[in-house]
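The structure appears below as structure tokens.
Chain naming follows the written order as A, B, C and D, and within any one chain the residues start at number 1.
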Amino acid sequence: MDWNLLITQVLNGLQLGLLLFLLASGLTLIFGIMDFINLSHGSFYMIGAYFCGTVVSMSGSLLAGIVVGLVCTFAIGAAVEWFIARRLYRSDHLDHVLVTFGLILVFDTLVHMIWGAAGMAIRLPDVLNGQVSLGTLVLPTYRLVIITSGLLVAAILYIMVSKTRLGMLIRAGASNRTMVEALGVNINKLFLIVFAIGATMSGFAGMLIAPITEASIGMGNEIIIIAFVVVIVGGIGSIKGAFYAALIIGLMDTLGRSYLDDVLELSMPTQYAETAAPALSAMLVYILMAVVLAFRPQGLFPPAGSK
Amino acid sequence: MKIIPKLVGSALLATAMAGAGAAQADSVKIGFVTTLTTPAGVIGADIQDAVNLALEHIDNKMGDLDVELIMEDDGFKPDIGKQKTDKLVKQDDVDFVVGYIWSHVLLASMKSALDAGKFLISANAGPSKIAGTLCHENFFSTSWQNDQTPMAMGEYLSQQGVKSLYIMAPNYAAGKDMVAGVEKTFKGDVLGKDFTKWGADAQLDFSAELAKAKASGAEGIFVFYPGKAGGAFIKQYQQAGLQGVMPLYTVFTVDAIALPKLQAGGLEGVLGSKMTQFWSPDLDTVANKKFVDGFLAKYDRYPSFYAAQAYDSIMLIKSAVEAVGGNLDDMDGLRAAMKAANYDSVRGKYTYGNNHMPIQNFYLREVVEDDQGRWTTKIVSTVLENHQDSYAAECAL
Amino acid sequence: MRILPKTVSAGVYTGFLALLAIAPWIFSVIDEPFYLDLLSRGLILAIAALSLNLILGYGGMVSLGHAAYLGIGAYCVGIPAYYDFYNGWLHLGLTVLVSGLFALVTGAICLRTKGVYFIMITLAFSQMVYFTFVSLEEYGGDDGLVIYLRSEFPTWLSMESPVALYYWIFTVLLITLFFIHRLVHARFGRVIVGSRFNEDRMQSLGYSTYRYRLTCYVISGVICGIAGMLLGNFTSFISPEMMGWTRSGELIFMVVIGGAGTLFGPLVGTAAFVFLEEFLSYITIYWHLIFGLMLIALVLFGKGGIHGWLSAFDRKEKRG
Amino acid sequence: MNQPLLEVTDLNKNFGGIIATNRLYLSVEQGQVHAVIGPNGAGKTTLISQLSGQLKPTSGRIDFEGRNITGFSTARRARAGLARSFQITSVIMPMTLLENVMLAVQGSDGHSFRFWSSVQRDSAMIDAAMKSLVEVGLDDRADRIAAQVSHGERRQLEVAMALAMGPKLLLLDEPMAGMGSEETARMVEILSGLKGDKAILLIEHDMDAVFSLADSLSVLVNGHIIATDTVEKIRNNSDVQRAYLGEEHA
């Protein structure tokens, strides 16, 4: 067993998990509080990356890119809530799926029209482009940046949800919507804020990943389905659930990709293992979700107090 | 497709027009299927530019005939590709069906074109089946068979005395062909191999695989990542600190579409990396100079190999049309003329094998900076001369 | 609940079916054989949409994995053909068997859940099928499988020529329409519709709703499998790409654009979908923008889909 | 044999730590109307739900016609002859009243795997359904959509559906809930028409209705039955007055 490799892979899994968490935490709140299925949540991931990339290429500053990107995704998220989503909170899930799929098409095509079909690379400052050595372990610096920022956002979110009045309302809303309404809170404002914050976090995840994969059209559609799996596995409306489920799925996916072929080779010829392993590791998350749904449909960590 | 006006108009004129449908052959109709939407549309755009340049260079004429070009978007989906091919064949009644970036779109569409008695020219996709058991007298390629380019790479690595290699490719048919190709000719040890998820939700974060590659201690890493995955891979290769530790060898990964973006991203790691290809912008032929200079002048960027193949496909058709004096009904004559490959290809002279796949040279290319500071590729040496793909024997022609 | 609309909409639908019946003749007169292809593809998708409507529209089971059955049906043609078995009855039998079995096994698990959980678990199963076929390299994997010959049936049932294949598809469509019409008016269908609106109540009336819903799910899967079998024959090609989740999403759109839970809704919706795809993509490569805006507008402003608009005419007529 | 139709033995139900049903004993005789009264939150609907199978008891036993049905599903209990109406109106809103009742008829005869013949031509089933509608006086509104009739009429529909199942025991959960006095009188009339014909377990708030309909009464307080007796005796029972009637009439 190569321990350095294992540690590296665990960190890689952690990184993927935290990215998923950034997406899934907003998704699960929007889902839990507004009962709104937002397939286009991944569009904010893409939009954030494109805005950030544009500003970085103009100003040369990654920080400026991120700040502008966060503001823009917040604004666009708020606009989507204001003009579209809020009209649909009372309709059924099918309507949500249709409208948000339409939004995906709209956003993808707008990006295509504005920035072209080619992706957009985001240049990292040289400091972040190197590696960090920890004993015999050498890790890409930027990966550690992603992990740190992911944990930081998770911590901020935790404090916000558990300590502030807004957080109290959010928690209450996730487990019992009518109660919040009964408290006389301006529910429209609460929904707007939650939606926009969710969009911003999704955009932030896009900005974090884009320097690695570059920004491209439809980049959010690929990951949003997995983020939904995270939400379901963790329990709809549960931030804590989203956090643990994201880490579980991130680790499972990464470790599956790295070790599944070795495991399969124990029981089948190498060439079959080589083919079966990627297919099976791609399936792992769906298998996990199917098992969770079949035996514990409310998810692993449903929000406290919900039925 | 003007369905409504056309339907109404056609219905009204149906009786009057019956029987008068056969148009005079005063033009060559070329149907071109490529990908214009989805992120892969960037390749289609490059191809489209090359085709337009080719038509400009030949003044939109083949012999005495005008060229009528109909571009269709396959949306990266095999069934849409087939539908567009049907449309070109049945509605537009084109003489040549050209294009196809993707193997699965080509495989889905070939029956429609060939059953209708049309010539089908692949300007990129080269799956082994079409070179082998599925070969057809009316099918021609201006590209290559999937295995050939990686075989050239394997050959080069063996010549260089590279003893061990780590291999990565996407988990789909072409990815597996590429890996099979390099393994055919590489004589050293393959210390590890990863096939990563591909398709609509392709994997773009290779951290786990790169960590494995690094731990394997191989002398080099061979990858095949076409399109946007290529840029993503190279970034991560550099960020993982493999640059200078584990040299990068690629096929179809670093191309003229990816390089400007890599340059914008400041990924110097790609400079000096080696790849094999049948063509390069600096290849010294008259046709190539005209093509590359024309492309640079018109679009202000280097053409990709996709563009080169697409440009050649137009030139190949022109040579055939002129050989039969514009008589497009002379299928045998057209076929024989194309088989002769008697035109100025940008890659220089090549011949066709029995399966109508090119028998051509493969070169080793290196990423360099040109005199204006743009990143491009330069030929280092010839690895394989007049190389024929290994499936030709399976073709019954 | 009135299922078969009378008056204006009924007239439109009857005319529509009559047009479909003579479509090959029209296209041959105006010498546009390609339209027949477009129509054949559209009708196959319509059969798939009808089958989805059975569970989604009538039964309230929103499946985001229905395209898997299209793929299963098509591979039930492709894989035997790969081994040179072209017997059409074999293909058909295999399709019914495999898609039915798959629906039974996955449905038994999926139907334990409700609402959004059902959406997600059907998605999960279809993704598993997708990745399974991607990894089956023997059958082309991601590149797909070319089907050289169509399923072989006795001469009078042959699907060799495009027109014959069209009438095959058209006949299956008519049978499906008629079958679903009978089904939803029969005792079984009443239970399905009742369970959609109030499952608890249905149970307290003595129905083991799970069994009925599962049966309905299997019927729907088999019909969609048959559509897949026709699709395989039509495209002469099958690849896993045809069963990705976005394809399942498209099927939902077809049902909803036309009007979910109505007999003809999915048929009209599919026609609209295929037409828009072909027409808009001709106008601009940015056609997804227009399509996306139309979807949003449909939900925000156009309740009930195309069928809903037609029924609005019916109501006006009644009042007038 | 003088066996009760329904016999509940030592029934208990906990929700988390909250005890909703506590050592509950209850029996209903053939042909009798037995009412269960109690203050809000006493666990009346919880009791009905356990009898009809929507809720599983934590412990205890339910016998129906001498058979232990504790482990039966809702659907199986319904087919065995236990018909329930809901406190919160629960009908199939987009269907007509006739269609609703036909579903009830169909559910009781147990032949629903029929895929071909239209129910609209099934005259036996239509007749049976109409008969129930006549019994509750809704026959003139048979073709109205359930969503479009008045609340009181939907309550009557609930009863018609329960009747159409041909039950041996009707479990009626506050059939007069939310009704005006006129509608209530109508419902009392309908129910008294059924009296003697069917056994009924009636849960009701409206004391006048209970006293005019019931043969016997149980008083439920905090999940436990504190008294069971004839209507007259319960009226005079001081415990009951303190626990329940006292509050109401105070």
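We take it that a residue touches a chain if its C-beta (ideal position, glycine included) is under 8 Å from a C-beta of that chain, and two chains touch if they have at least 3 such contacts.
As the structure is a prediction and not an experimental result, all values here were calculated from the model.
> Touching subunit A and subunit D alike: which chains?
C
> For subunit A, which other chain has the most distant CA centre?
Ranked by distance of C-alpha centres from subunit A, the top chain is D.
> What chain is most central when centres are computed from CA atoms?
The most central chain, going by mean C-alpha position, is C.
> Taking each chain's centre as the mean position of its Cα atoms, how many Å separate subunit A from subunit C?
The answer is 32 Å.
> On a C-alpha centroid basis, what's the spacing between subunit B and subunit C, in Å?
Inter-chain centre distance comes to 36 Å.
> Could you work out how far the Cα centre of subunit B sits from that of subunit D, in whole Å?
Computed value for the inter-centroid distance: 74 Å.
> Give the residues of subunit D that touch two or more other chains, as numbers and ranges in rising order.
none
> What positions in subunit B touch 2 or more of the other chains?
37, 41, 171, 200
> Quick check on subunit A: which residues sit in contact with 2+ other chains?
112, 225, 275, 278-279, 282
> I'd like to see which chains touch which, written out pair by pair.
Result of the pairwise touch check is A-B, A-C, B-C, C-D.
> If you look only at subunit A, which of its residues touch subunit C in the complex?
Touching subunit C: residues 31, 37, 84, 87-88, 91, 93-95, 97-99, 101-106, 108-110, 112-113, 225, 228-229, 232, 236, 275-276, 278-280, 282-283, 286-287, 289-290, 293-294, 297 of subunit A.
> In the complex, go through subunit D and note every residue touching subunit C.
52-54, 73-76, 78-79, 83-84, 86, 90-96, 99, 102-104, 106-108, 110-120, 122, 161, 165
> Along subunit C, where are the residues that touch subunit A in the complex?
56, 62, 64, 109, 112-113, 115-117, 119-121, 123-125, 127-128, 131-132, 134-135, 137, 245, 249, 252-253, 256, 260, 286, 288-289, 291-296, 298-300
> Which positions of subunit C touch subunit B when the two form their complex?
That would be residues 26, 29-35, 37-38, 41, 134-135, 137, 140-144, 146, 148, 235-237, 239-242, 244, 246, 275, 278-279, 281-282, 285, 288 of subunit C.
> Which of the residues in subunit A come into contact with subunit B in the complex?
Going by the criterion above, the answer is residues 2, 4-5, 8-9, 12-13, 15-16, 57, 112, 116-124, 129-131, 138, 140-143, 209, 211-214, 216-219, 221-223, 225, 254-255, 257-258, 274-275, 277-279, 281-282.
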